Amino acid sequence: MKILVHKHQMEYDGSQLASLWALRHFNLQGDSIVTFRGPCRVELDALVDIRDRLDHAPIYSPDMLHFIVEHFDLDLEKTVYRQRLLMAIIKDLVGEVAAISLRRLGDDLYFGNRKLSVSIATLTPVSTMIHAGINVTTAGVPVPAVGLAELGLDEDSIWSFAQRVSCGYAEEIRSSAQARCKVRGVP
Amino acid sequence: MKILVHKHQMEYDGSQLASLWALRHFNLQGDSIVTFRGPCRVELDALVDIRDRLDHAPIYSPDMLHFIVEHFDLDLEKTVYRQRLLMAIIKDLVGEVAAISLRRLGDDLYFGNRKLSVSIATLTPVSTMIHAGINVTTAGVPVPAVGLAELGLDEDSIWSFAQRVSCGYAEEIRSSAQARCKVRGVP
Amino acid sequence: MKILVHKHQMEYDGSQLASLWALRHFNLQGDSIVTFRGPCRVELDALVDIRDRLDHAPIYSPDMLHFIVEHFDLDLEKTVYRQRLLMAIIKDLVGEVAAISLRRLGDDLYFGNRKLSVSIATLTPVSTMIHAGINVTTAGVPVPAVGLAELGLDEDSIWSFAQRVSCGYAEEIRSSAQARCKVRGVP
Amino acid sequence: MKILVHKHQMEYDGSQLASLWALRHFNLQGDSIVTFRGPCRVELDALVDIRDRLDHAPIYSPDMLHFIVEHFDLDLEKTVYRQRLLMAIIKDLVGEVAAISLRRLGDDLYFGNRKLSVSIATLTPVSTMIHAGINVTTAGVPVPAVGLAELGLDEDSIWSFAQRVSCGYAEEIRSSAQARCKVRGVP
Amino acid sequence: MKILVHKHQMEYDGSQLASLWALRHFNLQGDSIVTFRGPCRVELDALVDIRDRLDHAPIYSPDMLHFIVEHFDLDLEKTVYRQRLLMAIIKDLVGEVAAISLRRLGDDLYFGNRKLSVSIATLTPVSTMIHAGINVTTAGVPVPAVGLAELGLDEDSIWSFAQRVSCGYAEEIRSSAQARCKVRGVP
Amino acid sequence: MKILVHKHQMEYDGSQLASLWALRHFNLQGDSIVTFRGPCRVELDALVDIRDRLDHAPIYSPDMLHFIVEHFDLDLEKTVYRQRLLMAIIKDLVGEVAAISLRRLGDDLYFGNRKLSVSIATLTPVSTMIHAGINVTTAGVPVPAVGLAELGLDEDSIWSFAQRVSCGYAEEIRSSAQARCKVRGVP
């Protein structure tokens, strides 16, 4: 997997969840995970989660660390599993860096009852994609929320955190593929 | 998924990793997770992990909590992801029950440098299967190891732990399948 | 599978054959079969069957019982098989209720040379879908046609028929999945 | 699909459910349906249906019409659907020839409460296979049973029936594949 | 596979790479390869290859022999392999007809350093497709190029060449499917 | 893909076509292509090609260059395409090195009417595999045959040829996977 930690400010508005986004914008061809930081504002019409749309629950956060993942196969169930592994990695690393313990419920992370993250996985015509957004700050977030800043991560540690998550995810995918190649079949 | 916590002593010798084991022994038809407790002794010839066999590393533990999972599809990469989610669930629940923090490296769990678990995923002619064994005690384990007893889980809490892991895994699989059914495609 | 017999009048115009239609309109998440009743009017541009479009054969029926099925995988050949099983179930139940014998030719049902049904199966970006429409009355249908009313089903029996078809189909899918989980492989 | 109606007497003992059986014995390469006639005697150890084996329910019939189908893909759920379409075709043709009405319950056919058929679908290392056996006579069958002879089919009509079933199945598979190739995607 | 050598002049502008093109225009249902001749002019916005679009490299050729292939499955990796086999077949036949030796680099054909071809493979909502264009003449082609005319093929031999390529490709696909149906599994 | 040119003499007897052979013998984990040289002697019972077995056509060659390929997926049709690309690569490189022109018919290579190669592709319980054997000398080969030695390749050039084929194949697979990751979908 290609990894890019893009240290420029960008808003996430849902348009980044489109096939070949990493190729179009960062010249990354093949499976990739790209990280950037900025506000998150997904209007109702741009929501991919139809449940959220039915609930009239647009997404907003003033400042998030965003991960955009693309895998070039068409098995969404598999990419939902990958998404949850990504959230498990984020959970473990936040826990380690902030010396706290988060809870993971499916693809959501919580600190107590406060939500740290939003995430979705879906299909494009040629691939599957994941978006995961981790609050840095939380002013105006429409649900009880917590952010990395409040958990004690300063500017520098956010980027090193982003780097470690990306590498951890790429290693998870690589080692899973390798694990498939060392076992014999059983009866 | 069918769940069975089988509170009888059984040795795990590798023969349990065979298609329809849960149907043959417990009348469970369909995807399942079965838990039991007992020693773990897998001789070289019974190893599914060919790397371990090449390393002449048979598996032994005097007392383990065993999870046997079967999924009726033939995508081993997908079941490796499921295996890692199972290990992440075990990690989180041990951490919560024992108030400690474990590390997950792929499909292995560690407390410091001591190994808590063994695990493998493979293909049968009709399904994919996972074995995960969690040390309860560790006398005679051939690598630096730690067990649930040492981490403070008594007899009763081991079974309730087993129950929570099984339910957590079944819920992870169920909610992943549901997550696949609420998103529109993107361009 | 989720089942809904929606006893309100709705026109089928082809727009119902769109991903997550059951979720958007009836809050049904996951594989589903939804039944409703109303006219059927699919203009040339809305036809999914390109052969029909090339033949300039728009679809019309004044009153049909409609079944909309969604399965969240991307194997259209498999869903064509499911579609034909649905038509076989409808054939058997009409035969039983009306004490007649229909013929099934692929996904079409006939009483003598008169057509009882229209049906199509296709892909969405995230799922496969089936539409089956069964004539209730046939005034203005552009081909020789027969309807459930003419075959002796009154208002009440049409809804109980709809219920039985839906349950029969859901059971067919459920038991097929189970059948896959009780057999050993052969050499 | 290749079709062969093999008008020689052969016993079905389960060994015919093995990959490339039609190639090895009849030089048929590729998807095929082969029909022959003879007793059916499957001992416990040869049973593919593990539920039947657990129930100690060996299979016996003195005289059956057998269909052996092989499809060279590895999707057993799909072949279970094909199996049920085969049973639906048999149901319809028996009904037509004998002027009676059978019931299909999954992959079983009944006349009243008497069973007409046995059937199984499973995986080989390179393909999926179906066996369907239709009783001709029923002396010694261990469950309430009915046979084609009792339903009025004489020797000649049994072979023409076999031919029509085979052609009907091959046409079902062919037309399903074609149905997949005439539809546009929907949103 | 259906084969059509369409001996009328048509421009390739990218719009031919759309699902069911052969069905819509030539009434060919199912996997197909259609050949025609004409200029090739694909503007930036119509490019399927996003790398070319990023490089601002529109495609132009004054006169090409075009092959449009459609396969009704959704595995793009598999269709990339098919595409390369098509290019290997073209390479061999040009070599034979013109008594020269071409080089194949992935999906590109070269005579020395001059490019003979353009090609792309992609997904539609219901199928995978290939376009391969072989220069006949090369005036105005934006890269060093060679054409079939320059290599000595006259008008007649171009159409017989088109016919041989189409038949060779159809035979490659047919015999590959058959090759899959004659082997036993190995341990 | 892992590449190994193993310059020791080994006989090919069919037993090399077994899952994880490269891992067990050369510690190569993951998709791989291994080359070695030695006689080829596959007895009837060891034949994977059931057509050859039916024809009582065991395989023999006194001296061959062998390629053993393993891909960790279960799509045999796809691996047949890969096999044919491997043969196309071998054809092109022999042609270049020996300044001759071979013919490829499916997975067979010919010089005139003399056969240069044997090849097969099949499934293991966890992967797909290819064997390709290229005659070096041909004394005792049971069909009209030609070998690399006769075509002018000396000892040294055979190993460099083996290296170029292996790298060419690995590059073909790598670039095919990349080609899948640069295209947008079409309507």
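Each chain carries a letter (A, B, C, D, E and F) given by its place in the written order, and its residues are counted from 1.
Throughout what follows, contacts are C-beta pairs under 8 Å (C-beta built on N, C-alpha and C of every residue); 3 or more make two chains touch, one makes a residue touch a chain.
Since we're looking at a predicted model, the values are computed, not measured.
Chains making contact with chain A as well as with chain C: B, E. The minimum number of touch steps linking chain C to chain F comes to 2. Averaging C-alpha coordinates per chain and comparing to chain E, the farthest chain turns out to be B. For the self-contact between chain D and chain E, the two sides draw on mostly identical residue numbers; the shared fraction is above half. For chain pairs B-C and B-D, the one joined by more C-beta pairs in contact is B-C.
Rounded to a whole number, the gap between the C-alpha centres of chain D and chain F is 39 angstrom.
A separation of 26 Å divides the Cα centre of chain C from that of chain D.
Averaged C-alpha coordinates give centres for chain A and chain D that are 49 Å from one another.
Residue numbers of chain C whose C-beta contacts span two or more other chains: 19-20, 23, 29, 50-51, 74, 76, 122-126, 177, 180, 182-185. Chain contact topology: the protein chains form a pattern that is neither a line, a ring, a star nor a complete graph.
Chain pairs that touch, as defined above: A-B, A-C, A-E, A-F, B-C, B-D, B-F, C-D, C-E, D-E, D-F, E-F. Residues 17-19, 48-51, 75-78, 80-82, 84-85, 88, 92, 95-96, 101, 103-104, 106-107, 120-125, 129, 172, 175-177, 179-180, 182-187 of chain C are the ones touching chain D in the complex. Touching chain A in their complex are the following residues of chain C: 20, 23-24, 27, 29, 74, 125-126.
Partner chain A is touched in their complex by these residues of chain E: 50-51, 54, 74, 76, 122-123, 125. Note for the complex: chain F touches chain A at residues 19-20, 23, 29-31, 72, 124-127, 177-178, 180-185.
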